[in-house]
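Following this message is one structure expressed as structure tokens.
To keep things simple, chains are lettered A, B, C, D, E and F as they appear, and every chain counts its residues starting from 1.
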Amino acid sequence: MKITINRKAHFNSAHRLNNKNWSHEKNIEIFGKCNNPNYHGHNYELIVSIKGEIDKDSGFVMDLKKLKEIIKEEVEDRFDHKNLNLDVREFEDLNPTVENIAVVIWNILRTKIELQNDLKITLYETPLNYVVYTGE
Amino acid sequence: MKITINRKAHFNSAHRLNNKNWSHEKNIEIFGKCNNPNYHGHNYELIVSIKGEIDKDSGFVMDLKKLKEIIKEEVEDRFDHKNLNLDVREFEDLNPTVENIAVVIWNILRTKIELQNDLKITLYETPLNYVVYTGE
Amino acid sequence: MKITINRKAHFNSAHRLNNKNWSHEKNIEIFGKCNNPNYHGHNYELIVSIKGEIDKDSGFVMDLKKLKEIIKEEVEDRFDHKNLNLDVREFEDLNPTVENIAVVIWNILRTKIELQNDLKITLYETPLNYVVYTGE
Amino acid sequence: MKITINRKAHFNSAHRLNNKNWSHEKNIEIFGKCNNPNYHGHNYELIVSIKGEIDKDSGFVMDLKKLKEIIKEEVEDRFDHKNLNLDVREFEDLNPTVENIAVVIWNILRTKIELQNDLKITLYETPLNYVVYTGE
Amino acid sequence: MKITINRKAHFNSAHRLNNKNWSHEKNIEIFGKCNNPNYHGHNYELIVSIKGEIDKDSGFVMDLKKLKEIIKEEVEDRFDHKNLNLDVREFEDLNPTVENIAVVIWNILRTKIELQNDLKITLYETPLNYVVYTGE
Amino acid sequence: MKITINRKAHFNSAHRLNNKNWSHEKNIEIFGKCNNPNYHGHNYELIVSIKGEIDKDSGFVMDLKKLKEIIKEEVEDRFDHKNLNLDVREFEDLNPTVENIAVVIWNILRTKIELQNDLKITLYETPLNYVVYTGE
């Protein structure tokens, strides 16, 4: 019996969308006000979804307290109240679009979650915009 | 790397559920108070989901500003503050159940979204009732 | 010890904003697309708030089951899945703006709630627009 | 044309996580404060999702009024304002984790929903923790 | 310049509504299924509101980190994953209705918040039922 | 008859909490990770509340389309996708705490709303923290 467990978390970060290889005009055309050199920011809402077998003895797929700790150590402590472009190593050469942030979080958590379990990342940049990434 | 981007929108419409080929009694039996000949209405909440490759240069699957405009022109401008039965061509001979509205929106947007990208429509008629359509 | 108890409810209705004494042009200028002669509609979210003394024996200001029934009989049964302009007596000569709907609901419920208790009506027309009326 | 219809419901229950075959220490280690012998409780939010063909005549996959009644009789009437461990037969020998509750609800509803339609259960234990079960 | 700061928190508890001085029949009549002797439970959502002057140097009415700690120590640690009737001293002889729980929380926090600041407690028992208490 | 109309809006901004007159240590002690020199950010949710008489002819306190435009021009266009410390004149010498941002918005809008109407600003910095300011 396989089931998906889901845990919500959040982090508040500044970021700027910019492609160093593009002209100023092209950056403005594509990224608009998201290209503001002084940064802007978001309350990112994160849902980590793990699909696996229910353990007969505990009735758990995975201890949610442990999942909560992993998310705190691997994502919140590194992304929360940070400037994604300046403070987070993974975005040194990667544009922190909500798509790319979700992929980075998936890659980080994939190494911390048992491999027989599927992993899915849902990331809200605003209440109106969000992405879903499954590692596909 | 494929990811799903999601954009929320909404429209406020009147509608009535009715099958012209059925008796009054049958319409009342099946549609209940939704059959009110004077119409009732809803705040429809729409989520448009598009799955595709992340562009290496922009970090986008698709520019969300463009998606927002497409949804505004193709759905909101045609459905918002309208009577779906009387004002929207697609429902002249189609009962505007939440299922059928979602299919109509999917058919409209399918022609506007690049074909290599998957399209999914989620439509809330009320906070307690919603449908998901993938074109299957 | 006075406390305010609050109960949420909702109803789905069609309506049209229109002033019969105004020209077509004036109605369009003031009410815009809300003036659509074929109606549009909303999921109205209602909060009924009652402030009074906590009864020592029950620990209740008022039995919420009774309040739920009063709201159902007096508001939901009369407004839900109705056309406010055509089906609800109170709006025969009253424009069903969210302001006026809230005042009508307050007037209806004021006669059903014990007079020593204060009554407040909060009414959402959309998630972005709502009003609060206290009978002031 | 296949579409998924979704209906939300809720129930408020007490429960305790405990494995009778484990020592007190092991139960505390694994279940923490959820092992409180005096019970604690939750507002469970349930989403029942049914995927099937849209009926040409009604425009429905299934009458949502009937689905609402099935959920009320089979889930709410049996789980709401109950102690899951003491009052619900299915948990006599099954630990009422959110995973197991979702599986129990799926098993109950699977016998009430037409077999050609897919069934999915989403169950929120808190706004931050939820599971999704498809019978896989 | 006075402003109100608000901090949300939550706790998950079991409870039972019962008046020891009433007959079984009267308890059932007034409290219905909330009288279940085996308890039921809720996810209580709490909002603590404090009104005071903005400090010129910090721009704060009060450090929200400190408020968060006070709520954790005084409310969450004592109420969360507890049976209110059996585990929380204040309800030994007080019926844990949502009204009375809000008053108890107000009384606890009033001694921890500076006296020149106003205190207001909002407590949701379910998404549809909540109370507001100001110590009036 | 006086009623309060409410309109929601939002803006996404970067900010940093810092007092130039304090030592680095004191800034860290009081503002913690909010003092990050590289900034962090939030999705600010704003509710503008206006209390006034219902106009007999329109049924409006104020045209919500006009209120929406005022909020867009005076708040969203100036604050959205900006760095509050660097890009918004009002915070050159004012620490952009959520308290101070709400006061600044109140002061801006007070000059745009008719004086006989009361004005209240509710501002969410995160879903868990918000303030309410009435100009008191």
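What we mean here is this: a residue touches a chain if its C-beta (ideal position, glycine included) is under 8 Å from a C-beta of that chain, and two chains touch if they have at least 3 such contacts.
Quick caveat: nothing in here was measured; it's all calculated off a predicted structure.
> Which chains lie in contact with each of chain E and chain F?
The shared contacts of chain E and chain F, listed by label, come to C.
> Counting a repeat as over half of the contact pairs in common, which of D-E, B-C or C-F repeats C-E?
It is C-F that repeats the C-E interface.
> Count the touching C-beta pairs: is D-E or A-B ahead?
Counting C-beta pairs in contact for D-E and A-B gives the edge to D-E.
> Shared interface numbers for chain B and chain C above half of all numbers used, same, or below, different?
same
> Taking the mean of the C-alpha atoms as each chain's centre, how many Å separate chain B from chain D?
29
> Compute the distance, rounded to whole Å, between the mean C-alpha positions of chain C and chain D.
Spacing between the chain centres: roughly 34 Å.
> Name the residues of chain B that each touch 2 or more other chains.
Answer for chain B, listing residues that touch two or more other chains: 127.
> So which chains actually touch one another? I want all the pairs, not just one.
A-B, A-D, A-F, B-C, B-D, C-E, C-F, D-E, E-F
> What residues on chain D touch chain B, complex-wise?
1-9, 49, 54, 57-61, 63-65
> Can you tell me which positions in chain A touch chain F when the two form their complex?
Against chain F, the touching part of chain A is residues 10, 12-15, 33-34, 36, 38-43, 80-83, 86-87, 126-127.
> What residues of chain A sit close enough to touch chain B in their complex?
Residue list for chain A touching chain B: 17, 19, 21-22, 30-32, 94-100, 102-103, 127-133, 136.
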